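Just below sit the structures, each encoded as structure tokens.
Below, chain A partners chain B and then partners chain C, in two separate complexes.
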Partner chain A sequence: MSDQFLSGHMLDMFVFETTQLLEQLEACILDAEKDGFYSGNAINEIFRIMHTIKGSSAMMRYDGISSLAHSIEDLFYLLREGSSCDVEYSELSDLVLAGVDFIKAQIESIKSGGAAVGDASKLIADNRAFLARLKGSEPGNREPAKQETDTAEPGPDHAGQEQDLARQDDPSGSKYINSFRAVIRFQEDCEMENLRAFSVIHNLEEVAGGIRHVPEDLMSPDASEVIRRDGFTISFRTDCSYVDIHQLLMQTVFLKELELEQTDESEAAQEAGITKPSAGERTADPGEDRAADYGMQSISRDHTSHQNIISVPVAKLDKLMDLMGEFVIAEAMVIQNPDLDGLELNNFQKAAQRLNKITKEIQDMVMSIRMVPLAATFQKMKRVVRDMCKKLGKEADLVIIGEETEVDKNIIEHISDPLVHLVRNALDHGIESTQERLAAGKDKKGTITLEAKSAGGDVLIIVRDDGRGLDREKILQKAREKGMLYRPESEMTDREVFNLILLPSFSTRDDVTEFSGRGVGMDVVVKNIEAIGGSVILDSTPNAGTTVTLKIPLTLAIIDGMNIKVGKAIFTLPTISIKESFRPQAGEAFTDPEGNEMIMVRGNCYPILRMHQYYNISTDITDFTEGIMIMVEHDEKTLCIFADELLGQQQIVVKSLPEYIRQFRKVKGLAGCTLLGDGNISLILDIGGLIYGKDSK
Partner chain B sequence: MADVIDNTIDMEEDTLKGRFLTFSLGSESYGIEVRYVTEIIGMQAITEIPELPEYVKGIINLRGKIIPVMDVRLRFKKEPKEYNDRTCVIVVDINDISIGLIVDTVSEVITIPEEDIVEPPQMNKGFNNRYIKNIGKVGNDVKLLLDCEKLLTADEIETLSEVI
Partner chain C sequence: MKRVLIVDDAAFMRASIRTILERNGFEVVGEAENGAIGVKKYQELHPDIVTMDITMPEMTGLEALKQIRSFDPDAKVIMITAMGQEHLVKEAILSGAKSFIVKPFKEDHVIQTLKKI
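The block that comes next holds the complex of A and B.
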């Protein structure tokens, strides 16, 4: 039975939770490293995360992960307890990050159905060695301060430490079996609420551990005020039963009201973490003083990760969107039903309008559900920058702007890799070494800016560095060597030259580094971005830096399409690839000896593709002067498509062709299909496929 | 507990076992195992897709799901017939592939006991009966029981040779 559990939902939850925890952990370490030391909060947070991972992986029987997490937990346990002044922080960060990487790799393999087989013993040994050194360097075992005195000490600096101590009874977290949360309210006129609260804590300490309470600083002048207003909230763990605890708390003097509830382990663990002020409960409002205690990082995290959030499989959202599309079409079928023609239906029209409005709203909501902020993706880049800087011996800051910009979930998955690549490029090729920077009169620390913003239906993601910029001469030279120049050098604008970099197998870097410069650079980025209907723009100023702009659509699923008609068939072209459409004059088109038709437009010659011929569709319109030419462009290649007529533009939901159809590999030039407003299906043309298909014919 | 679940599945399969949806193409009557059938719909507007085998008529929009449709007449190399009111599309789900089968008329669902199902006659190679798995006897009639999986896959070789 247990095996069944392991393979199913539990495993999903484990993977999901652990991944999230690891992300938090990474952010935490990076923040700490930026500040130059591990604050009490950070240490607590890391300890808590490692503890949770240890517990859950042990439960899932991933012993490697579990013991690794355990060794890291040990490290931070020591840090929490002892002095943390003489610790090699960068080495510590390296150790923990190595651990994080290991666990990540394991999770990946678990996700793809494999077993967690990696060997963590080396990492564990490293951790142990570091731990031993820490212990050795410490001046004896410090006597832990008495909790009472410490809690009683005012001042924001102690907030972190105080929490350490609050939990010290409970180092492993598993000593006690039950977790509780209690909200106590005192009688209105009892006075000195803080002292009364203090005695409650004191009583609890005899039977419980891991006690935490809000407000935290009972001795601060406004603590009584807070307790009076919001009640006194305590969470703790104990072996005693609910009834026992209830009895104990009911003995409190001047007690007016008691709320006691049993919480589960994970929740308690979360609360033991740094930020969460027991959201939504009738607890103390943290207020500014608390905010000051926690520092900026934790507050911003508070905003992003502690909303009321449920996780839903993407497949369900996809299904929901499909149904939504159907719904819109069904609605149109009802409201524009031919049976209604010529009828005077006032009430019906009113009701229909109302329905229409609601449908639109639902549609917007469905789309917005799929939108995810870029924050997580951007945060990952911090790690990339850190690792790169260490390895390359450069100094650089990552500035993130607009991380709250939202894009479709599917898109996020597609831009993560390209972004990593761009950031690496910026650091490796863009940012100069410290000496070079100083010589050039720049700040010795480079800056990489990662910016996201919405622009109409697109999202712009900009990766900017303040490095040396692109070298026109060097690029040209390289292009000459590789025979990639398609025009005389003198005629090329800077931008055109820079965009040579985006072509396959171009790398200006002479030596191959670990991170970039294998010559499979930018073209991969371009490919990935184009795959989701986006584009890449490159700009650079010598000595001032390079800017790469990724223009990506808000959502993958919906694109602007132009419907064209050929015979009875309807096709859709992505509007983005259409350059112009026109009706040719007689005599503009001509045929070469091999029978290829071409057309001259403003002095340039373009090949013509007759849709009806290409797909063997019978139509009456075969003469160029009766139909319409649509000039499309893809990869700098241009083609004129000849169709009967243009039907108009609409937003379309891209669906893939059924698998059964795709197995006939002969269907060329089709990217998918879409539903038209009237429920009919239109085929979406793949411009790239058409252009290359035409070439090979 | 696992046993109970297994039992339920067995029972479900039992109720479907031996039950066939019958349809006709011209004068012959065919049967298709009910467990493959998702639904039966009337004729729909079909969007043609170029460069497909003749018997794959195109794709239809089944409540937002786009599925291919195959004309079974053409698949069996029979004369094509104009579609009319009685023409039906049987939507089947074979190994997770949904496909619509265009047939002349759909008749009924019948149960054919196992003892009335016989192997098709084995003749020399020229005889083409690869789509027929079995033959069922119902009263005086004969139902040709289709092998659905072959309907979709057996054509690969043909497709390949056409390409070459």
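The block that comes next holds the complex of A and C.
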């Protein structure tokens, strides 16, 4: 029946839940490792998670995952039951994490439509070897029960139960009037025959005594095998009639065959048909029932506070977001419809305002649905730090601040890889070896801080290490070799030098390590972050560490924009980057010796960018005093954009430029385009691009 | 129509069991993700049958079984178990579980078990 599960909903569910469990598991192990030992809770949780994964993957017929999970479950079963004094915790963590990685890889493959074909036998063998050693080191070297799964270790109350059984063997059954002998055969594939037999005995005990059965010890490892082969034979005495007993035994689940014979002579008693109520028919005392009810309610009241959460496919949210964008445009098309120009429409204006307000509320809600806390992404870094430290022989702690900060789901996906890269860089290049740190008078353990915070419309994600910092000389030397210097070295600020490493194909490390030097460097990080409209800022102090700040817009799709007009063209600026706009007085602007136009505002000098010149647009307004100056800021750099006039502010939906425009001609300074209310297309300016584009001109 | 409460910490398992039951004319009246919630839902919903996973957080299936049986000795609880949990199953039977289903289960097995009790 697994076949019907292999696709669609159940598969999604399996992937989703297993992924979540693995994350929990990983966090659990990393915490335990930090504390230096596995607490009872941790062991229980890991055991449970593995147990669940084992069950689910077996249902899906992913046998590799299932048996691997099983072997780990066994390990933790032993830890849970037994003494856990001499456990090599670090080795245990390695084993479990290797298992987690394997299952993750399988899940990835399943997710992308592949099969789970990986071979887990080596990992399983490792786990078994470790298990064997654990058992060996246990006091008294006691062998756990020899079930095929090794996990059925006798519980503490086991002995008591055996006594229960023994008591039933007591010939006290002689007080009953009828004797029976029954042979029960179960269906072939019903599994756990011994326990099914046990269940039969348990039911019989209600009405019978002097019960004997073959095989005698139902909990012995070969009991199931014997029952499968020879059937389960019971003899007992009871007051019930043949019909009653037959009926009782016929209720056995997975019964294939029942032979029942009466072995004594008291047929008369059988005719009398004395019956006893069976367990299933016994009626409860209603008063007692109610009393128990009350007791239970007071206990369970604590558990009522679980949240109602539904999971929704991301694709639907994306679609919702798209529709929201269209909705905003449509709204603008209605409210700013050119047909309305010059009309006095009081009621319409009122209705339009209301529509506008509600649209905004819906939009905020749609956005908030897509917001996800960074916690999961940050927690993943713990594993990265752990693995790196182990491989590189360094010591470092990861401090996480502000993991509850929320960003758009899309953004999470884009920053995960860059973050891994940055954290690896910090450990590989930043944090020094223990000796080096001690020599420099630092704490022998390095610290990597991962911080997230909101700043206006942006989220700042900061990766900070307290390592050796960036080496200005080394960077310059490398840049010289590669011919990347575009200005005299002495004129470059530290920051400019550091920013060199953000350029493509720059890597200060000569030897390529497994982690951070795969020929790709910081430029990949920059590319990824820029793809979502963010930027990367580097700062470093020698011997005190390096800080990389990722500045990422909260959301991508809908932003507040200011429309400006240049000639016949309309451009849109993200409102968030506008500092102010003003009409300059004559004489405030001047030209420097190189021909760059500058303007003096409150004692500071800012460069001017004439839009009509930059994009070759013909316009009548070329005099500063007739147009408008818009001061924009990006990365702490400021630029004054000169345009004809401001058209007004509105919400805009960012659409990427059509493929052919991006392919054939890379137009500088454009971030995308948007549809205006009147149906016109406006180009969205990329402030960063304009500022840097002007620099390099 | 038999009314069933599914208690299992794995959403995947709950969905699997639900799919099977609903396809075979059972009504799934509720789901619970641990023993404690299971006990509470039992009191609210009074299902005819409960399928109860053994290994769960907060409160195990065994504990939940015992609690349910303590206020409703007629409760029909079927344990969902896996190979290797034989001793827990035994304890469950001693505590009044009507039967058990071994993971990974087959549709036919689940239905047979539920119909039989």
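Here is the rule we go by: the second predicted complex is superposed on the first by the 351 of 697 C-alpha atoms of A that agree within 3 Å, B and C clash if a C-alpha of one lies under 4 Å from a C-alpha of the other, contacts with A are read in each partner's own complex, and residues count from 1 in each chain.
Here is the rule we go by: a contact is a pair of C-beta atoms (placed from the backbone, for glycine too) under 8 Å apart; a residue touches a chain by one contact, two chains touch by 3 or more.
Given the structure is predicted, the values throughout are model-derived calculations rather than measurements.
In the superposed model, A:17 lies in contact with chain C only, and not with chain B. After superposition on the shared chain, chain A has more residues touched by C, the comparison being chain B against chain C. In the overlay built on the shared chain, the residue A:55 is in contact with chain C alone; chain B does not reach it. Contacts of A:199 after superposition: chain C is touched, whereas chain B is not reached. On chain A, the surface patch touched by chain B in one complex and by chain C in the other comprises residues 1.
Listing the residues of chain C that touch chain A in their complex gives 9-13, 15-16, 19-20, 36-37, 39-40, 43, 55-58, 67, 70-74, 76, 81-91, 93-94, 96, 98-100, 102-109, 112-113, 116-117. In the complex of the two chains, the chain A residues touching chain C come out as 1-2, 4-5, 9-10, 13-14, 17-18, 45, 47-48, 51-52, 54-56, 58-59, 61, 70, 73-74, 77, 145, 147-155, 157-158, 161, 164, 189-192, 194-195, 198-199, 202, 219, 251-254, 279-280, 282-284, 288-289, 292-293, 295-297, 300, 303-304, 306. Partner chain B is touched in their complex by these residues of chain A: 1, 322-323, 325-326, 329, 568-570, 614-617, 655, 657-661, 664-668, 670, 673, 675, 679-683.
Residue ranges on chain B touching chain A, taken from their complex, read 1, 45, 47-53, 56, 59-61, 63-68, 97-99, 152, 159, 163.
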